[in-house]
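Common to both upcoming complexes is chain A, partnered first by chain B, then by chain C.
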Partner chain A sequence: MNIPNPSTAPAAGEYAGDEVSAIVLDPGYSTIRAGFAGEDVPKSVCPSFYGQSDSGEYHFGENAIHAPVGGLDIKNYWGADGIVEDWDTAAKLWEYAITTRLTGARPGDPSRNGLNDGNANGENMDVEMEGLENNEKPLDDSPLLVTEPGWNSAKAREKYIEIAMEDWGTPAFFLQKTGVLAAFASGKASGIIIDVGASHTSVTPVLDGMVLRKGVQNSPLAGNFVSDQIRTSFKQSTPEIPLTPHYLIKAKFPVDAGAPSQATYREFKTPPTDSFRLNEEERILTEFKESVVEVWPGPGRFNNGTNEELAKNTPGRPYEMPDGWNQVFGPERFRVAEGLFDASAALPSDTAPAPKPEQTIPRLVQAAIQQVDADQRPMLLSNIVVTGGSTLLYKFSERLNYEINAIYPSTRNKLIAPGSVVERKYAAWIGGSILASLGSFHQLWISKKEYEEHGAGIVEKRCR
Partner chain B sequence: MPPFKDDQIIIIAPGSETTVAQLGLPESFTPARLRVRSRMFPGEKEGEFEPYKIRRKQEKSAPNGEAQDDTKPSTDGEPDVQWEEDRVSEEGAIWPIQEGRIVDWPCFFALITHVYNTLNPPFHAAILLITQPAWTPKEHERLTQFFFEKFKTPAFGLMDAALATSWAYGVHTATIVDVGKAKTDVTAISEFIPHTQGRIVSLAGCGGEAFTQGLLSKLKSKGLNRDMCEQLKRSPICELLPPGTPLPGSGDAPEQRRITNPASAASTGAAGSGPAAAAAIGNVPRGPGADTEVGEDLGVDENEGVLDVASIVASGKMNEYLAKKEKEKLEKVSVKKKGGPAPQANKPVRLPNARLEKATFLYEDHALLDTLKGMNLNTQDMADAKSALDEGPNRKGHENGDNGEPASTIEANGVGESSSTTKRTGSIRREIDVGNERFMADGDNTLEKIADAVHRAISSVDDVSKRSDLWDQLIICGNGSKLRGFKDALLQTIQTKYLVSPSSATIFTSEIPSNISTPAGTGANTPQPQLGPHGGSQVNPLLLAATTAQTQHLMPHGSNPSMSGMSQNTHSSHGQTPTSIKFVKPPEYFPEWKDVGFDESAFLGAQVAAKVIFVVDQGQTKGYMTRPDYNDQGPQGIHDYSL
Partner chain C sequence: MASGRDVRDMLGLPAAAGGGDAPKAVGAAPNQKRPKPAAGSRKIRTSGTSYVFPWELVKRSRLTLIRPEGVAREVAALYGERPPPVAVYEEKKAYRAKRQSTGPAKKWIQQPFTNPVRADGLVLKHWRRKPTMAPPVQETEDASMQEGDTTDTYIESCADFAKYDIKVYMPTFTDEEYAAYLRSDDWSREETDYLLEVVRDYSYRWAVIWDRYDYAPRQHAPETANSEDQALASMPFAPSKNRSVEDLKARFYDISAKLMKQRIPEVQMDADQYSTYEMLTKFDPVMERNRKMLATALINRTMDEVKEEEFLLTELQRINMAANRLDAEREELRSRLDAPPQNQSVSAGLQAFTSSQALQALFQQLFQQDRSKKRASGGNTGPGRLSLSANDMVHTPGSAQQQLSAANRRQSMAQQPTAQTPVKQLSPHQEHRFNVSTHDRLTSGVTFGSDKLLKMRQAKSNVQTQKIGNMLATLGVSEVISIPTSKVGEVFETLVTKISRLLDVRKVREKEEGECKVLLAMKERRSGGGGGGGNAGDETRPKQEIPDSQETPDADAPGEEEEEDEDDVNKNYGDDAEGEVDENDNPDEPGDDAEGEEDEGGFNGEEMDDDGDVDAEGEDESSKQQSRATSQGVGTGQGHKRSASVFSQGSAQSSKRVRK
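Moving on, here comes the complex of A and B:
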């Protein structure tokens, strides 16, 4: 398949005659990415977390979930198995992501009142402008490409098309697995895609644009696991490292490293919920991951031989908490990420089960490769695409390179880790953008007519 | 030959409160010439809009100022109805932009049409529209269609408001905090490209309106209404003090007692400073402690709070009120003469506003004016009533001197009015004084919310190495940020909450960026102890590096070709940001803008951009869409052209 370079705009002739302005939706555990096909970066990136107040009212979007309001529960619509669990909210949240930043909200903000009830705009809006028909549903004129995890259930897939067709009224729909799209984003039709996201790590073998379903592996050792390891590490350190999110702090004052903080705190009439606090703590952990955590780059595992001694001799990295507490983190900054590669090195956590050895990334790759014909393995191993926000951990790729070379010393293994952070984070979306802007996209999609004829089951036949 | 001349360019910047526009680019860029309140009034027919309120001239007076139904021009039919345009009133107005979003499209288009017609442009005029961050791409298309089809413009361009601000300041990397009426947008821009992911769009409840509401919640009990609070906010006496500054009169501020007028203490019994005294509004000295308000009979009324003159007038007691007023004035003058020497003694003590417990501002009573108009007085009566009720500077002029009121107060006030509320003349002004509530505009932690939004916006910039630059290039703009002291208070809030101080654990020891070399087991690369904090005579370069986060140049980039992407994610010695937070200095070379401030710098940026895209580069950068382009590609093509 001829895939254009993502950094250059396709020539006009490569489009399907005229612009279809398809929308690409890439929902993930941490963020929902949405944007117009043909663009190089999603215009709308909206958190998958949402707030629900005591009265059941939904609060969507970045601004709402970070406002310290009492009685606001922060939730996520994804299930623990990496498949959408709360469909009602998912549909609303996705619609929010699309309408707020791409298509514009309908009058009366459909995300608030009576979502998807069609005739939201009763009054005739287009007085000055003829030619724009009143859209009854949010996506009446945009074909839609949605991404799904490689291990999605058949029932869940039908649900996707139902939402798109019934609720949003999209004229055409296509479902594609994130693995394939991430490969497209790197300009590959075949390869093995290692996607380390927030809740799940997945390894997907792709051959000629098709996912080898039996080879798809996934495990919960991903970004959230690292966060949990950091929390555990904070708890186990003596004295315990306090984790106080920003919203509780009024002002902080510089203190010596390791000294107790001297911040002044904010008081709330109705204190925000625990789930709110967890979500705010996650912000700190993200920053901690960005600026402190490092993956032991090899050779050897972190626990092996003198590696730990070596790590001790490298200078530590300072980190300051929102309350001013600060410390230099030495070898422990390697250990929190080590569990991704070495289950035995994971810190025992009291909130999550201990990782199993077969859940680590090297073993996932191994298991995925095992399912592929032996003669295609070298080809796959020379196209290892690394994607997902958690692969941005410092030295992650070096370590992965080392691990894969240790398992497959005789093949020519090549890691394709996109250079820019954006391409790494949004690879699946970018692949979707490429696919949906190709002239041949209309040959792939399921049109509304086909859906009405065959029902939701068509998605199993057409979107493989 | 540039495709457009300087005088053929229209720039329109719609905002929630005010829409500014201009035809033609002057030699030296000036603030927008046309300022229109962003509101329209429903017209005679459904879907039609009028730029001014049109009310019917009536025989009878309306029962009260709020009675809308009578004045709505929908119940016509009689042939002898007379209509009059009311250019001041805003009753029943529709504000098509709310929190930066266009909520009423027909009204918005009517507003734009009104602006366009007011500019009265020549036929061949290119248009540059400043877009709010909350507008979606689909809405951009809709705007494009509207502009091409309604105005037949030969060229049309869109420019993001935040990006325009960065053009105005002439910086390629900046964090733009745009404080509007009811929202704040925070945009991180690096290398002229706004980061759309993680951009804080329309942070609700964080704008000028929040401060008005903050004042209202504090002053409601004193009888001030929203309109009064709004004008109080605009007046120079309202100020945001940096967090932690003690309010004047709130406890241990001994100098407060010094300026408290002994005469007032004697006559009113107000013992001095403190909230208790503030509560007894009307009894305590007005102005900077040099004048006393007396008149015990009136004090009864004033103790209730600020009078709702409008309702007094409406209830037909205007004459009584005027008589009272007259009496008060006379008494005041006499007292002033009597008590002249006493205030003189205090004269030299002129404190800055932040130290004054009380201050006075002039309030333009639109509600009163509306009521008067509703009463259908003839012109002479109207003028009489106005002048009788007016306490404005024209009447107060002679009092300024011995009143001790800083002359700048009134002047600044006048400037503020002329710039903020255009075409609002002939209104009635009254004096209102307020205590230290005027420093409590930020009742709802708005500053902290904005500070948090800035932190989130910068933290969501994917490229960690760019964040430190973004923190160092902070721009606060938008008319919501005009509140005195706002910018400094916000900066200080951000600094106290987010500034990362150099870690004491690494600051005095050597710190080698970890990817210079992996330490060998021999210990050869182990950092050698430095001289210590007092040992060396020079500045420790590593200390300097740690404090300025400038170590990145020490690191070799991209050691492994396949890892080149990681080089952008390299850790500096202090991976965390911000280690410093600074404002960008406004440009020096726009004298006209320097006078009014850079709150509307987006408009200045748009002027710069318009000059570049329409004139200087002769259309090479495709910064705008031409009519042939539009005919070829339709509204969707705009995305290829807008800046």
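Moving on, here comes the complex of A and C:
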């Protein structure tokens, strides 16, 4: 037996893999994931937020958007409905995500890159003119697989292929829904996928690798909703809990729990914009969600009386703000996430509309199942895939399990929630990576030729 | 020897090796000379060859240390006499095949390829080993490739995955066929085409087909010609309908079946084809819809219902187990009793519980067991478990259930099956032969037939008992009947009842006679003549008595009363003083008192005769006849001898009669 090492080719038939160095792009509200198919994690993860200076210049990437530069507006190209809104920026940002880490910048035009200055002559110029078109396309030798939300509109889908084919010049393209890919990442061809992301929670029934469109449900009760709940909770507490982002703090000094902070603050000549501050505050809230917020694991709702008492008796979790203010958070850490499951428990917020009961996760699952043929329901319920960064909230899957079992006590409900953080956050990308590296997938690509023949409408026909 | 020692010296071995080994050692030594010095022994150990030098063996045995493999000698020496039970040492390194460094590193190239399944000839690149056929050519090619696009790059046709390109079979039809067979009021031609297209696209995945089925005449197929579009719009059913999966399936199967029949006539179909055809034609959308509704209802059950079902399932399992056990027990019992083989229908465990009553009984029994078990375990049942109450049972009408439950309360497992096992039918002859008897009710415990017989002899009063005894004795029935079978018991019982009846009748007659005599005596006294009184009484008596005696069995009321009275009196006289109270109950009846002193001996004699006759005649003789016979006999033969206390002289006669 030979031990597989990087220099031995995998046995034929060992897996149906046949890599064609495709690129998988999984854009989300919070981050854009991109990487080569066949790898297990996306090589390039960059924020979907971007900075736009007053002069209209774009600033992409983690470093750019967190630098406290004056006059930098932080924006996101996603619309409120979970469909890409600002296509121009989206295309630029995606290209940035791909080219910075994966393909590298294309060699520039030889006439301008300064290398050929010495021997410029007629012959060379001809070559340049021929190669000009190709060289400017960033992806002209990598097939591209892009993910889309399950409720994407037909128009938006055509836009994807237009960008890929015309702007980037990919030889082959495919569009697949995140739900299907997340199921593939868990090794399932069928199942119901609960994806709790940053801006949207979606429930997608998938059968044999195909989304059951009627069953796709989505709601805005997701990570950002929890952040908003935390903000509200901070505002409501007495005294109000201050939320000061890192970039404002020059130095901090230790203080007692609950005591006002003692910190010295930075001065800026041109203070950063409000949207910048909001984005920075969001980072703190993310950290807070990761380390403090907990989902009441059941049984029963959190605010059914007894459970709140129970929660009071559990030890709290301390958290320290960037300015040194700190406190131990007790039962309120359960309350901010309760809205995901129980609309009536959501704290009334002044920025977002109160959630409706049918937007909560259990109701979404119920609605999705309701739209599926009765024969398939038990099978789907035994393959419930949980994915998305917000499902990493502590005890989330326990609660979800409880809720689903309460709705469907008679079926065998099985939650598939990968333990690894990477797999949970990047499930759709990983599924895309698997799919695009399969040999049997070669025949599914939409080639450039087909696109030219049929136009953008082909995406509706081929990517079902 | 000397040479051996020399060799040993040469090898640096201790001289203590056994003398007998020396020659061998000598023999071996020249061969082993080379490996021995320096690392010789170590090499043997590490390489794991089985060869051990003889002297080494000796050395080892002397040290009594079998060194564990893979431990350095020095370390092993530190172990002392008792090595640790688990030696920790590194896994021996497995030899790995050496990297074959045959020439320079193999080169890989991104080989462009096409997939033959693709019609558009998309060229993708995958990594392949660079072919090594013609290195110089490749070199140049490689170089040229590196330089830029080559004109004649080899493009591989990679058909490895072509097998995954699967096309589903679809029924096809021509316009004529459609017009002839496939028309439907509900489905337009366009929608039918659309349906077939969708079915092909989603490869018969009906759930997906239904999900994606979105037939809108307007929107549908923008490529189709304008005229067709207009034709569509003009159709009466242009507005798209909300089709269910069953509708879609029904239409598709209908088309498939009809086309199949057209292609292959039914008679020519082989088994497979016919079964497919049958399946297609037999699809019933209504039934399917109902089935789905049931399935939905099943999924949407509440927690309580689910728990109940769970409980019932466990209960069923228990019942099954109990049934098996019962079966086994019954089997064992049967084999022990060596009973004739059972009816086939009941021998199989669960099938025995086919009737609802049997199930009911079993349920009850399990319920009882469950209760007792719970009590035993201190009620430590799980919280989710529902307790079973008697109300849960389905009520079957009345008495049978109660009877069964009463039987169950006895908790005997064996009783259940006996109720179940059918009685083998025996012919009357066999029944008689095996002495089989049936009883309405059995008393508990063991009884002896002789006890029963003895009991029959006992009457209410001692006097009566004695009378019966006397009578039996005169009949020649012995005190102890040697074989008290049930039949004997029966006969004896009838005999005893007859005896007592006769006794009763006689008693009545005596009373009547006594009264008559008293009256006659009074009459004589009044009339003053004492002479012919006796004869006159004799004359009249029979006339009076016949109706009387006839009356006694029919209209019991007077007779019984008298009997009671008489019994009381008899007790008083025969037994003790206890009856004096009773006597006071009827102080105003002189006849009673008189009767008390009557002599029983004579009567016994008479009646015994009668009984003898009765026995001889048969057992179906009516009581009327008996009594008549008695009364007549008494009336004719011995009427004059009877008297009340005043004229009690019958003892002599009666004794005479006995003798006769």
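Criterion: the second predicted complex is superposed on the first by the 417 of 464 C-alpha atoms of A that agree within 3 Å, B and C clash if a C-alpha of one lies under 4 Å from a C-alpha of the other, contacts with A are read in each partner's own complex, and residues count from 1 in each chain.
Throughout what follows, contacts are C-beta pairs under 8 Å (C-beta built on N, C-alpha and C of every residue); 3 or more make two chains touch, one makes a residue touch a chain.
The structure displayed is predicted, hence computed values, not measured ones.
Contacts of A:Ser275 after superposition on the shared chain: neither chain B nor chain C is touched. By the touch criterion defined above, A:Ser440 reaches chain C but does not reach chain B.
Within the superposed three-chain model, A:Gln52 lies out of touch with both chain B and chain C [touch as defined at top]. By the touch criterion stated above, A:Gln366 is placed in contact with neither chain B nor chain C. Applying the stated contact rule after C-alpha superposition, one finds that A:Ser21 touches each of chain B and chain C.
In the superposition on chain A, A:Leu207 makes contact with chain C only, while chain B stays out of contact range. Residue contacts after overlaying the shared chain place A:Arg377 against chain C, while chain B stays out of touching range. In the superposed model, A:Val41 lies in contact with chain B only, and not with chain C. Set against each other, chain B and chain C touch different numbers of residues in chain A, with B touching more. The residues of chain A shared by its contacts with chain B and with chain C are 19, 21.
Chain C meets chain A in the complex at residues 96-97, 110, 115, 117-118, 120-127, 129, 158, 160-162, 164-165, 201-202, 205-208, 210-212, 245, 292-293, 295-296, 298-303, 305-306, 309.
Residues 19, 21, 36, 41-45, 62-63, 66-67, 99-105, 107, 124-129, 131-132, 246-247, 249-252, 254-258, 266, 283, 286-287, 290-292, 294, 306, 309-310, 313-320, 322, 324, 326-328, 392, 394-395, 397-398, 401, 414-422, 424-425 of chain A are the ones touching chain B in the complex. Across the complex, chain A meets chain C through its residues 2-3, 9, 12, 16, 18-21, 141, 143, 171-172, 207-208, 210, 212-215, 371-378, 406, 408-411, 439-440, 442-443, 445, 447-450, 453, 464. Here chain B touches chain A in the complex through residues 47-48, 101, 103-106, 109-110, 113, 135-139, 142, 145-146, 149-150, 196-198, 200-204, 243-244, 448-449, 452-453, 455-456, 459, 462-464, 496-498, 500-501, 503-506, 511-512, 514, 518-519, 521, 523, 526-527, 560, 562-566, 568-571, 573-576, 633, 636, 639, going by the rule given at the top.
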